[in-house]
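You will see subunit A twice below: alongside subunit B first, and alongside subunit C after that.
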Partner chain A sequence: MAMIRNRSRHRLVAYSLILPFVAIFALVFAYPVIEVVRMSFTDAPLIGGGDWVGFDNYARLLSDKLFYKSLVNNGYFVLLTVIPTTVIALVIALAVNRLSGRMQALALVLFFMPYVLPVSVVTQIWAWMLDFQFGILQPVIEFFTGKPVPVFKNPFWVMPAVAVVTIWWTNGFNVLLFLAGLRNIPGELYEAAKLDGATRRQLFFKVTWPLLWPVTALVLTLQLILQLKIFDQVYLLSEGGPFNSSYVLLLMVYREAFQLNHGGYAAAISLVLFLIIVVISVLQFQILRIGGKDK
Partner chain B sequence: MTRQRRFENLALTAITLLAGLIWIFPLYWAFVTSIRSENRVVSEGAGLFPDEFNLSSYVDALFNTSLIDWYINSIGTSVIITAVVLLTGMMCAYALSQMQFPGRRLLYGIVLASFMVPAQALVVPQFVLMNDLDLINRWGGIILPQLVVPVVIIVYKQFFDAVPKEMKEAVVLDGGGDYTLLFKVYLPLNWGITTALGIITFIMSWNAFLWPFLVITTEDMMTIPVGITQVNDAFGVAYARIMSVALLAAAPVVIAYLIFQKRVTEAVMISSGVKG
Partner chain C sequence: MKLKTLAQISAIAALAGIGMPAFAQQTVTWWDFFAGGDGVRMKALIEQFNEEHPDVQIEGTTLEWGVPFYTKVRTSAAVGRGPDLMTYHLSRMPLGLSEGVLTPITAADLDAAGLSEGDFFASSLDAAKGPDGTLYAVPFDIHSIVLYYNKTYLEGTRFLDDEGKLTGIESLADFEEALQAAADNGSEAPVTYATGDDGGTYRVFYTLLSQQGGTLISEDGEVLPGDSAEKAVKALEIMTNWHDQGWQPEQALYEASVALFTSGKSAFQLNGVWEVPTMKDLEKNGNLGFEWGAVEIPKLMDTRTTWADSHAWAIPVQGDEEMDPAKREAVMQVIGWMEKHAIQWADAGHIPAYKPVAESDEFKTMEPNATYSSLADGATYDPRSEVAGVASPAYDAAQNIISPAMHGYLSAEDAIEQVKSELESKMN
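== the complex of A and B ==
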């Protein structure tokens, strides 16, 4: 009897501990997940009910040129950012890792600092640096192209420029992950390999790289997901322009829902993005894990 | 160490630090711009080095924009978000780690799965919800959707799992319950990770853009990252002022980072799972 009372008391305490989180989670996370699915089958405006329209929104999506344009741009942006930032972060982490004590801390601060800045601070600074008339980087651009370029107003340059800004902003995070990975590699392995007469090249490719692979896989996956969700930088630097050359899925969600008042249609686009991210993150995780086992 | 090795190390240090200085150049340039007069900023011969010390654009930024309101909104909402996320997270993690109850595994599964859901895909229904709750243009509207940070629970659970069972016994013998255990034993043992998670959560909510941008439409209720984008519109091309506002907006997180550097580094490493 006492045991049973004790157990139900124990459960009650447990439920009281999880209740605050569960209640908030149910209200602002689980319920919206269900709602975004439901809304995507209606013609609802942003605010106010709508009628059930079945798969109409999805049919419309398949014939919406802007949707394809956005998908392609999302993919292009991923190409421009994910692998470059991973390589750059790895190189920086390898260099920083070889510094000692204070110098290492200082170098880390320099490379990590941009990551703590609000996105709009980052875009304001880069918009100024790349200003068509007075930007300090225009001479550099002029050196390569022969003339100054209004990068955020040029269909060819806009995505690479946003990619550069993004890499500058978020790279420090990846540096930290690589650095943690490098610190996890036991020093004895290097000692042993050196005793066997391994060259530096061999040290990197036979010891560092294989042992670092799990972290590399993590960085690639996190970046892929992060960059698919791009909105802030594009919105602030180019608003999707010029001629929709930097239009991306989340920007489309924003336009449809908050400017054109098409809640149902925007929900359908959100759901597509949602599914793409879930599928890719599961797939890529599996592929990278298999790749890691082979090595 | 041979002389050649020593030279190599010195060269590597120099090159790395130089690269770091180049990396941080945009911030330096923003600072140099912010202490010049507007005329100087766009004049031909303005060089790379600070040649003026003109604080008028800072004065302008502080008194001719709603920067003070934005600071208050950002500080208020970020502090509340951080406190609630930590408190609800540690409570939930404690139950998951130390207690038995039906639904425990399901709850942990949901926490892990919610990791994959991009919050950005939920902005439409979340906005509708905030409208139903009459929280548009209010702190509550900014705060509520930012309170779900599953990684805090996952990290806390890891750390609570690692606390030796013997630590519990004395409290249990004294008749202390689970709340006593959590707040008198488990939390004090994990102050380090609590600070680290707190700083990361604070920086994340301070820097949040998309959600506050959607839920706030009146200038006096904006947070810093959203508010400063208004300055562009208001000033036109006035880069000294825009840079002053940007730097003032960045100052709190930059200072927090410089003070808590080690903790931030640790928090990033731990919360991404590369260091346990």
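== the complex of A and C ==
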């Protein structure tokens, strides 16, 4: 008897503990997601209800040239950022790991600092440094290309330039993850390998790389999700131009919803983006896990 | 004196308050988007109104111009948390009507403000009406781009008359001759406008297109109908040529384009009348260093016309509720008072839409407004379309396609083709 009472009390406590989370989750995540799905089948404006239009929004999406252009640009941006930022972060982490004590802390602070800045500050800094008339980096560009380049106004430079800004901004966090991963590798493994006569090259490829793989896979997946969601930097630096060469899916969602008042269509685009991110990141993580098991 | 009257009025109000506790002060929540030199003048108007009207107090907030302002208006009006009175671009009317955020201005409303439809310039009044002729806003001004000039670079050329006023520009060839003359006289960028921004590029392009009789979007929603596409190509080629000749600055953002003129590096500036206060203030403080003037954009192509837009007053819907009639009357009182004091707003370079002020002697002697106010008659407003107007896809296309094309990244034909398909796709 007492035990039953005890158990139900137990359950009550458990429920009451998870209730706040479930309530908030339902309110700020589950409900909006359901609403987005519902809205994507209507011709609703940004605020207020609309009429059910079935798959019209999706049909329109498939014939919208800008959608494909944005999709390609999203892919191009992922290509420009995900692997480069992972490689750079790994190299920096390996270098920082060799430092010790205060120097290591200082180096970490320096690399982590940009990550603390809000995106608008980051884009302001870079817009100034790359400013066509006064930018302090223009002489550097001039040295290589022979003339100054308005990087955010040039269809070939704009995406790589946004990618550089993004990598500079977000890299510190990846360095931190890698550093944590490196510290988790037991020192004895290196000692044992060295006793067996392993070279530094072998040490890296046979010890560090395989043992660091879970962290690398995590960084790659996090970066993929993050970079597919590119919006702020493009909105603040180039507004999708020139000739839509930096138009990305979230910018399309923003313009449709807030500028043109097409809530339903914007919901359909964002839902498609959501599905793309889910599918790609799950696929990627699975592939990376298989890749990890082979080692 | 004013303080004393205020004290007397409040004393009377306090006394009256004992007798009739229903005495209610109306607070009018006001949103605008004036942050520059004109914002200062608008705030002065609000303060003056508040001082003169103890029973109606304006609570003004200035928000960010463009998409942020209109997004906030739409979302807040829909849930009844919007302002009681707001400034609105008449070029934005079509989208505003489709969003259903504006309430009709009735004849009774105009009465309450002490105004009538006949008091306004017809072009601005038309732009303030819906397709069915219902009035949705009260026009406040007409603003346009004008041609600012720096006399230093034109001295000794045929383009200054005996009084030192700009003269002799009657065609594109004349204007380009003047640009070359200015360049020879050492002007770094003979004509400056925001070549890398949406607004500056759009307004020059639209003016050149309209001067050829071209239409950006027709009444029935066709983009660049008939031979308008060829005319648009021509307009873009003219701008591209100015770039190729080194006459206009490369990729200049708005502030930089203004700075080129105020610092005396440009002989001409194609920019809005709203920069007049900037020039006046610099001149007054003795920081300008040259003599300047501003005229209506000359006839460069076939007809004399200039892009124009209007700031207007509008009363947004209050969610599902109706605005309290007493409050609405107070709002209309504010609008009426502002219209009648529009001469102070003209000081910010604008042309009043309210004829009694625009035709007053005080305005007729106000310079440089009086010189260019003739543009109001022949002005071309933005197309009446949901994809045109302030912060619209048409503005985006200027930055996204026209600006890079004139910097040499795309041919004029391909660029105009792209503008056309871009605007068409946004219309559905």
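Note that the second predicted complex is superposed on the first by the 289 of 295 C-alpha atoms of A that agree within 3 Å, B and C clash if a C-alpha of one lies under 4 Å from a C-alpha of the other, contacts with A are read in each partner's own complex, and residues count from 1 in each chain.
By definition in this document, a contact is a pair of C-beta atoms (placed from the backbone, for glycine too) under 8 Å apart; a residue touches a chain by one contact, two chains touch by 3 or more.
Note that the structure is predicted; figures quoted are calculated from it, not measured.
In the superposed pair of complexes, A:193 makes contact with neither subunit B nor subunit C. With both structures placed on the common chain, the touch criterion links A:258 to subunit B and to subunit C.
In the overlay built on the shared chain, the residue A:242 is in contact with subunit C alone; subunit B does not reach it. In the superposition on chain A, contact of A:60 is made with subunit C only, not with subunit B. Contact with neither subunit B nor subunit C is seen for A:217 once the two complexes are overlaid on the shared chain. Looking at the superposition, the partner that touches the larger set of subunit A residues, subunit B or subunit C, turns out to be B. Using the contact criterion defined above for the overlaid structures, shared-chain residue A:185 touches neither subunit B nor subunit C, since it reaches no partner.
In the superposition on chain A, A:47 contacts both subunit B and subunit C.
Contacts of A:155 after superposition: subunit C is touched, whereas subunit B is not reached. The contact surfaces that subunit B and subunit C form on subunit A in the two complexes overlap at residues 46-47, 133, 258.
Remark: subunit B residues 9, 12-13, 15-17, 19-21, 23-24, 26-27, 29-30, 33, 41-42, 48, 84, 87-89, 91-92, 94-96, 99-102, 104, 107, 110, 114, 116-118, 120-129, 131, 144-145, 147-148, 153, 177-179, 182, 203, 206-207, 209-210, 214, 224-226, 228-229, 232, 239, 242-243, 245-247, 249-250, 253-254, 256-258, 261, 264-265, 268-269, 272-275 touch subunit A in the complex. Listing the residues of subunit C that touch subunit A in their complex gives 67, 71, 74-75, 78-79, 95, 98-99, 196, 250-252, 256, 386-387, 391-393, 396, 399-401, 403-404, 407, 409-410, 418, 421, 425-426, 428. Chain contact summary for the complex, subunit A toward subunit B: residues 10-11, 13-15, 17-18, 20-22, 24-25, 27-29, 31-33, 35-36, 39, 46-47, 92, 95-96, 98-99, 103, 105-114, 116-121, 124-126, 128-129, 131, 133-134, 136, 168, 173, 176-177, 179-181, 183-184, 215, 218, 222, 225, 228-229, 231-232, 236, 250, 253-254, 257-258, 263, 266-267, 270-271, 273-274, 277-278, 281-282. The part of subunit A that touches subunit C in the complex is made up of residues 45-48, 60, 64-66, 132-133, 150, 153-155, 239-244, 255, 258-261.
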